[in-house]
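There are structures below to look over.
The same chain A turns up in both complexes below, where it pairs with chain B and then with chain C.
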Partner chain A sequence: MSERITIKQVPLEELVITPGSACQGCGAALAARLAFKALGPNTIRHSIPACPDNVTRTPTSGGEFEAGGDHVTGTWRALKALGREDVQVVGFYGDGGVYDIGFQSISGAAIRNENVFIICKNNEAYMNTGGQVSGATPQFAMTTTTPVGPMSRGKPHSRKNTPMIFAMHGVPYVATASVAFPTDLIAKVQYGKGIRGFKFLDILSPCPTGWRFDPSKTIEVARLAVQTGFWPLYEIIDGRKFRLNYKPRELKPVAEYLKLQGRFRHLSEQEIEEIQRSVTEYWERLLKLDEIGEILI
Partner chain B sequence: MEHKSFEVMTGNKACAWGVKLSRVQVASIYPVTPQTTIGEYIAEFIANGELKCELVNAEGELATQAIVKAASRVGARTFVCTSGPGQLYMHHPMHGTSSGRLPVVMATVHRGNKGMQPDHTDLMSQLWTGWIQWYCENNQEVLDSVIMAYRTAEDKRVRLPIAIGYDGYILSYTSEPVEIPDQASVDEFLPPYEPIPNILPDKWAEAQRGRGAGMMEGFMSGGGDPQAAWRIHHEAILNSKEVIKEVNEEFGKRFGRKYGNGLVEEYRTDDAEAVVVAMGTIASTARVAIDRMRSEGKPVGLVKLKTFVPFPTEDFQELGKRVRAIGMIDRNVCLGLGGAGFGELRRALYDLDERPKVLGFYAGLAGAEVRVRDIEKMAEKTLKAARGEKVDPIVEWAKLGGGG
Partner chain C sequence: MIEVRLHGRGGQGAVTANEILAEAAYYEGKYAQAIPMYGTERRGAPVTAYLRLDEVRVRERDLVHEPDIVVVLDPAIAQRPAILEGLKEGGLVIANYPHPPELYPLGGNFMVSTVDATAIALETLKRPITNTAILGAFSKVTGLVKVESIEKAILHRFPGPLGEMNVNAVRRAYERTPMPIQARGEVRKDEEGPLSGSGYGLIRSAAGWRTFRPVWDLDKCTGCRICWIFCPDNAIGWAEEKPTVDYRKCKGCGICVNECPTKAIEFKREGI
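This part shows the complex of A and B:
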């Protein structure tokens, strides 16, 4: 499991070149900045279409949106063939690229246990194309393709539990993170970097443009997602050993998180209750896993 | 003195031998008939310790192409193979490979897009992807072409991927004696591959940092000219002709076999009034037909078209000055437009002051058997046209076999 670090231990080196193409307050740009501090310069970054167009001081490769898992696989196998296993192979992809169109490719890389690190900057929709629904979009969220109207209440179904799905591939490391918890995030990247095999880190990265909140509130929104249990922070080793990384004595009401965001503005009290029920129920399940320290399946 | 060894083997085994002798470092495979056994042979070579290669059993053909593309960019010699539906599924990353100017070599074991039987519609469907395309006639040519393809693709004047097509079943699963070149000679013929640019972090030039060269290959453009990415890629393919010829010559000198001039091979075209043009295994059948007709005193010849992309325009223009009619046998149809070979041939000849007649024959689609007699009929018709007789229609679906 990752080891706690303090803010003083965060590497000073910046590998992300600014300014990039991000909007003000972009959570994904911050996710890149934090993750690449921990990854360091001996890294080949892979990218696929997504926003923001993060630019790093590392070589880049990648290409097709649907082939994120394959880009990193090819790079890793070539490094192996050439005797350059020291280089980190990282796929820094959006949730559309990970949860949906590239899911098959990343599942392939996971089950072959390729020595690669997939980092998902998860803004819960297809933001680069203007905020369409993705497999990561939470239920009831309004997106440009799940609008709200007399016949529609936003996204009709819940999001795909992608971190758990990758954990069930039995890969060495799966974790969730948030840009509001930078030391936790960096510790997880540092830990994953030291493991040989497939690593997956899903970083909740609030998007003021798509989620419709004030750009000054990115960290507040990201923090509340964790404090309400809407986005729990955990890590899983070998698809079995489980640990919750953030366990408040009491969760904050999910309404506090939802009310900051325009994408949830239409919610009725009843719908908020429904979300609260499902968040609480899932949180209790995670607490049990945390207690036994293992996923018993 | 080179040691010669022969083995009776299928086209797919010949292909795998080409991969082994070329010391491929990363290969990615996925099952689809009739190419599947290439991957099995490669896996066996690796399992037996005869080949050191990273073999990725991927989750689909789109994946296989994306994997070798990424591996080629890092600097590994790479191989991928497919057929029919797999070839179609690969379309998107094929653009990425060629736009990235990566010397991937791919075998396409033909399986048409309507059913399981062979025709060239699978690889022809990829004409717009910016790959060099070769078509092979027999198993020896398959093995030799794999080696020649790496030498050509990796040449710094070319840096383009090459697809090697050969007819499914007719070659893939049919055994013929094949000479296996010796490893030392292949090693001398094929120097190691060096990637440009080198993307290893310690070698990545300062100038390329950030928005990496080749990252969004398709969108790369030069000097403020938005069309440059297309123009440069197109010209690179056209300019590869000289290298293809050169590699074919050198292969001939070293191994005692070559394939025409690398682009086309003329057969008994001296004083021919009419020629037929054939690709792949139909060229073998056509040789027999031409021999028969020549023995009857008929002035006909054959052009085997090996390199379809880049199209050997100059060779056909030169031929066009010598013959009065050309019959193009297309084992493909671009639906609603016509035979790919027919269209290209007419495009190539249009600018001649005096053009030969160009006839078209669809033959061998969906695996339809093309016999010697069928080709004789096509050549007869072409000879008629050469002699000024009226032929109708100009383009026909050849009536194969049987009577008719």
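This part shows the complex of A and C:
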């Protein structure tokens, strides 16, 4: 399990070159900055179509949307053949590339337990093309393909629980993180870096443009997602050992999180209650797992 | 045919302003064509949109290369000589600029009128979204589209209180915009290169993206590193237990201002 660090222990060295072309207040740009701080320069980065976050001082290559897993696999096998197993192979993909389009190839890499680190900068929709719905989009969220009108109340289905799906592959390390908890994020990347095998980290990266909130509130929104239980922070080792990293005595009401964002502006009291019920129910299940410290399946 | 080019930054609504103008012209029985520039437009990055107005049907389908009128929604971009590219001799510039047209810094053979649309937007909308305010100025200076038609188009697009606020912005801008004068500023080249430098990868400077600039009061700073860790664009450095800032990298998102626990960072409107 990752060890807690303080803000003073965060490396001062920056791996990103800025200014990049991300939007003002971009959560994914911050996710890139923090994750690569922890990964360090001895890293090869892979990209597939996604929003531009930050350019990093690492060798970087781009591949096809659906081939994220194959792409990192190839690099890792080549490094192994060259005897350069010290190099970290990272796939820094968006949620479209991990949850939907790229899922099959990453699932393949996971089941083969390739020594790669898949980091998902999760902004809960296809934001690069203007905000179309993805598997990561939460229920009732308005996107350009699930608009709000007389016939539609935003996305009709709940989101895909991808971290748990990867955990069920039995891979060495799966974790969730948030840009509002940078020390937790960095500790998880540092811990994952030291493990041989498939690692998956899902970072919730709020998108001011697509989620419709003021760019200055990126961290506030990301923090509330965790504090309300909407985005629980946890880590799973070998698909079994489970730990919640953030356990407040009491969760904040999920309405506080939803009300900050334009994509949830249309919600009725009843719909907010429905979201609250599902969040609370899932949180209680996670608390039980945390108590046992294991996923018993 | 009158050809117009609009310059703004992503999030200020240049494309929306363009469409509202076209709709307003349509209400007056004119023909209009609104074209947004296609590219990787980003919130905060320079964006361009094009408009054609005519009494007869518009047959052209390309972008506007030699505009009669240039409308600029952002005061930082209004100072960039790149906005004058292709402007016809004796053309017109309507700029969001906080000073009267006599002090407008660019020069050449064109007329210029200015309005402090950012101030009007902050008064009426409480947000620096300058697109509707600049439309009031457009109507006043050009007379091509009546202000009533613009108001009708705005209320069609934004029904309810939001529309009323925007109509208010249009009216205030209409009242405050002076008639254009011959540009008196300096004729110079743009050192920063073309405006539409967005897309993937690095950009030269993000300084033109800001409406507000974070300013540190180091006496109040406790050295907690929170502003440093949360800066997405790595604009805040850390040296001798105090933050340092590189304004070339700062996009003015305001995360540092919002997160500072001792409120040691003030968000000041970008000085022009």
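The definition used in the following text is that the second predicted complex is superposed on the first by the 296 of 297 C-alpha atoms of A that agree within 3 Å, B and C clash if a C-alpha of one lies under 4 Å from a C-alpha of the other, contacts with A are read in each partner's own complex, and residues count from 1 in each chain.
Throughout what follows, a residue touches a chain if its C-beta (ideal position, glycine included) is under 8 Å from a C-beta of that chain, and two chains touch if they have at least 3 such contacts.
All of these numbers come straight from a predicted model, not from anything done at the bench.
By the touch criterion defined above, A:D70 reaches chain B but does not reach chain C. Look at A:K247: by the touch rule set out above, it reaches neither chain B nor chain C. In the superposition on chain A, A:I17 makes contact with both chain B and chain C. In the superposed model, A:G25 makes contact with chain C only, not with chain B. Applying the stated contact rule after C-alpha superposition, one finds that A:V55 touches each of chain B and chain C. In the superposition on chain A, contact of A:T209 is made with chain C only, not with chain B. Of the two partner chains, neither chain B nor chain C is touched by A:K259.
Shared-chain residue A:T218: touches chain C; no touch with chain B. The residues of chain A shared by its contacts with chain B and with chain C are 17, 55. Residue ranges of chain B in contact with chain A, taken from their complex: 25-26, 28, 52-54, 56-60, 62-63, 66-76, 78, 92-93, 96, 100, 199-202, 204, 208-212, 214-217.
Across the interface of their complex, chain A is touched by residues 10-11, 40, 42-45, 198-203, 205-206, 209, 224-226, 229-235, 238, 248-249, 251-255, 257-259 of chain C. Taken in their complex, chain A has these residues touching chain B: 17, 41-44, 46-47, 55-64, 66-67, 69-75, 77-82, 84, 87, 104-105, 107-108, 112. On the chain A side of its complex with chain C, the touching residues are 7-8, 10, 12, 14, 16-27, 29-30, 33-34, 52, 54-55, 128, 179, 182, 208-209, 214-220.
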